[in-house]
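Read through the structures below before going on.
Each of the next two complexes has chain A plus one other chain: chain B in the first, chain C in the second.
Now for the complex of A and B:
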């Protein structure tokens, strides 16, 4: 489905090789030291972005790798969050056990929803997930067990001997989980399963002809994606300390879609980058006026043509426009731009090497 | 009691039927479910609101302006956005409708804020008429009548006018239609325009029933899709019948089972239909095009 006029093997070569371990080590050092250098309130922002990154990884498996679409991932986020909290409060289960179970419960829901929708060709998954996302918040809002509209307070969690009450300790947990899951998703994509996903994305009929069980792998992909999102939900509950149905809206599901589209469908680094951008945007939506230079202009514009109270909604306009322009101009998003840039650099280098005579500097 | 439930089911079903019809005629033409249908209609309702309150016009001018706007929005969305895509795969087309809907939602929220507004309407939702033991609001009666008339007009248009037949031909086989002299590009654009107008009529009838805010049509969008799946995504008549059926089922559920979980019915119906009869109650089995 996602066509690329670029040479696939050349693209892979740009990223693999001996340097990638070094890059990973460098990245880990940066991640570990970030909360030590940043002011405290920024750590909360980082946590929020890391939760979005985990959702982005899940969306990437589903949309980017398998070419299916979900308009209800906020629903899986809700399932993960509520399962985690209820296991902790009702059954007294410790957080480290509740979190993976929440992921499994979310995956189960994904499986049950994907099974009928995915054996059919057509837009049925999109329609079913639209219904799912809207139904979940309705059910939560009207059930006493889930705290209704009022929401639930998340109890303090511990991880073995460590308390998880401060933002910094939450940071190490959430980012740790995100890194492990990112590596897991990366590994999944180069296995038989990952290849089956991409075969379905590129041509469903051809994949079936080659012996890929299309319905099975589509459902598996959906379940994996739901599991990751469920884990993200549990972590979201932990970091915010309070959950209510108002968080898990239809627009949030669309924002989840936007982050993988903007980052670049099928690219893990793209999904991560897109999620970081969208996570930041989502968190800072109430504070557009405080942006340097642009904030003032936005406020003036709002006063004259729109409305100042509605300014937070500007974030949805940005998100929607990012999707529209990404698909219009560069369907492979940030990742596509990155590949283009690398190619341009390469081309100019080889052009230099060809035009100039071999000298001491050239090789 | 039962008649009362049927009446309110019919009234709600009229709106679902309109949404389903709007969704199905573009789906048949492009094989893309237009997820922006609801928010396109919502913005049109806000245009009517703007004319009524800011410009103090009468209802006819305001609603006329909203429908014209809806038509232009539909044609523009198809011509300036969907058709300009570099890589129009099904996935990308769906994503595009979602991006567009989010942008419209944001624009409406930015311009008119998220607070709920009362939408002025010529007939009232609280005034009641009694018809043979059933009391129905005048708004419900108007909704049922307007929707029925509009749908008859649309079906007559498809059946009896040259343009309508050209649209059907384009839906069935765009290439064959073009060979036979149908200007398919213009016809596809027009289909989106008509679909958008039908959707915005649904929005104009929904707004006085509840209040006007940017989430106005979320529910109706889902119900429209549920109705279309129930009746058959490829059959306009089936989708309309699915809309009425959904309205009645939903109100029966609300009356006899639970009011709070009424909104979950649409989702359950989607799942049940997908399990047992994926082509819908009135649809034929849809062959996949290779």
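Now for the complex of A and C:
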């Protein structure tokens, strides 16, 4: 084995070989053409899922990579959304400027929440972040500046000469931002800072003896995670056109945590996949109702045993069950399943190859 | 100026005195062994030196500066690396990533340059490549090339010990603290550890502070030996002196 000729860039580069360029091109073609082939109201769902993906990337940095926990990310989503809208309405700032600033404001709050995290771990940190999320919604709901319970209407946005009024134009912006952020987060994870995050998750003491400033990287991780979620909040405001405290609930924070666990902690593809699935379920719980036969049966079941509200509640039960079964059957989530499937395929392929070739003892 | 000096180091946990007024000096380029029976305070001394414990009293000087009381990451950055008695690796990370964490303090890429790593010419990518090349020889030296990309949590015990040593070497330390390198090993493996330690000292400009349970190995390797018993220094001197020191013999064999 000649190691001196090893291409070290191959270890960290994003795309190696023609195969992955092809996959990326294919992915881009699919992403670009999706809103053109799907019916209009579906584009709204796609936008929602893309916003969830950005939150998922942020949750993955904090929970998956750094091993911290947060039950308050709906708070960062709210901070991002309200900052964006207030900058636009009060200061007349254009959306493309308001969005990154909202990310920065959210990052600042993330840094502040990261400070107690230096002293808290496990359930105590969970409670602290939970309190943060609840407090943010309460402050918003009781302040005139934020429109109180009535919420705020988001003004029309433009991106240079382009108007961002239709779902399709919003789609291209949101998905574009999501793709860029996903690539950035991926780069971060293979370089020095991402490695330090994971070192803290795996072994804090060893990380410190390596010269990793644990306090700095923990707060940085909170800030990065909050920044991503804040940007997602700004985009959520843009796509819905209206924000109110009722959107940024504790349940939403739980959903954010659930989706990275469901996708597979510490894996970017997993976080993206989990977010897409959970984003879809969150918005389209009542889609179960439209299923032939099964939909009717589920609705009856739900009404008889669970609630009088009908199927939307049942959607939450499905979400909960998905999470429970993931944890029980594949703790690595969807990403773990994917890896297992790849291994199984490889094994069956090599088994085929072995059976078709004469074994070593054949001659 | 003494390269490394411990002066009156005392560590109490509640009513238990784990280290009682321990002093010693280490010259540059030495292998210095600390021996002693179980619970004599050897690992506590390492934890004080690397900043994991704050000593109750006493001072630790490294290259003329007092380092006791500093946070572990600041001590690491001054050039003190260590291994742990009960292997403390980054279990889900690959061998190469564990070694790259050893390079952490020698690298600069921050959040923004990391995020913006586009193409092999970007600063973060160049730094990554450079440092990966630097640790490659350590993989070869410690026979870890085959497990380069395996998550270290999956590796057998002996290999994990080597990865931990490799990770400490990747830090290019001036002072290397090695805690029980031969723990859980048989005679052959132990002999190999001895050979490796001598090799390291010969090839690298490094001072080694060694904790070793196995007295023959510890004394055989060392230029100077400190013997501890119940946290108290009972003897300090050249290996031959220690081997014959009545207090040391008593500590290991009992009063009989």
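Quick notes
Heads up, the rule we're going with is that the second predicted complex is superposed on the first by the 325 of 363 C-alpha atoms of A that agree within 3 Å, B and C clash if a C-alpha of one lies under 4 Å from a C-alpha of the other, contacts with A are read in each partner's own complex, and residues count from 1 in each chain.
Definition applied: a residue touches a chain if its C-beta (ideal position, glycine included) is under 8 Å from a C-beta of that chain, and two chains touch if they have at least 3 such contacts.
Computed from a predicted model, the values in this text were never measured in an experiment.
In the overlay built on the shared chain, the residue A:224 is in contact with chain C alone; chain B does not reach it. With both structures placed on the common chain, the touch criterion links A:123 to chain B but leaves chain C unconnected. Of the two partner chains, chain B is the only one touched by A:63; chain C is not.
Contacts of A:192 after superposition on the shared chain: chain C is touched, whereas chain B is not. Using the contact criterion defined above for the overlaid structures, shared-chain residue A:22 touches neither chain B nor chain C, since it reaches no partner.
Of the two partner chains placed by the overlay, chain B and chain C both lie in contact with A:205.
By the touch criterion defined above, A:30 reaches neither chain B nor chain C. With both complexes placed on chain A, chain A has more residues touched by B than by the other of chain B and chain C.
Applying the stated contact rule after C-alpha superposition, one finds that A:184 touches chain C and leaves chain B untouched. Once the two complexes are overlaid on chain A, the chain A residues touched by chain B in the first and by chain C in the second are 1, 3, 205. By the touch rule above, chain C contacts chain A in their complex via residues 50-52, 71-73, 75-77, 81-82, 84, 88-93, 96-97, 100-102, 104-105, 107-111, 113-118, 120, 124-125, 127-129, 132-133, 136, 139-140, 145, 167, 171. Taken together, the chain B residues at the contact with chain A in this complex read 27, 32-33, 35, 81, 84-87, 89-92, 94-96, 98-115, 214, 218-219, 221-222, 225-226, 229, 233, 260-261, 263-264, 266-268, 270-271, 274-275, 278, 286, 288, 290. Chain contact summary for the complex, chain A toward chain B: residues 1-3, 63, 67, 69, 71, 113, 116-117, 120-124, 126-128, 130-132, 134-135, 138-139, 142, 205, 250-251, 254-255, 257-258, 261, 302, 305-307, 309-324, 326-329, 331.
Chain A makes touch with chain C in their complex at residues 1, 3-4, 6, 8-9, 11-13, 184-185, 187-188, 190-196, 198-199, 201-203, 205-214, 220, 224, 266.
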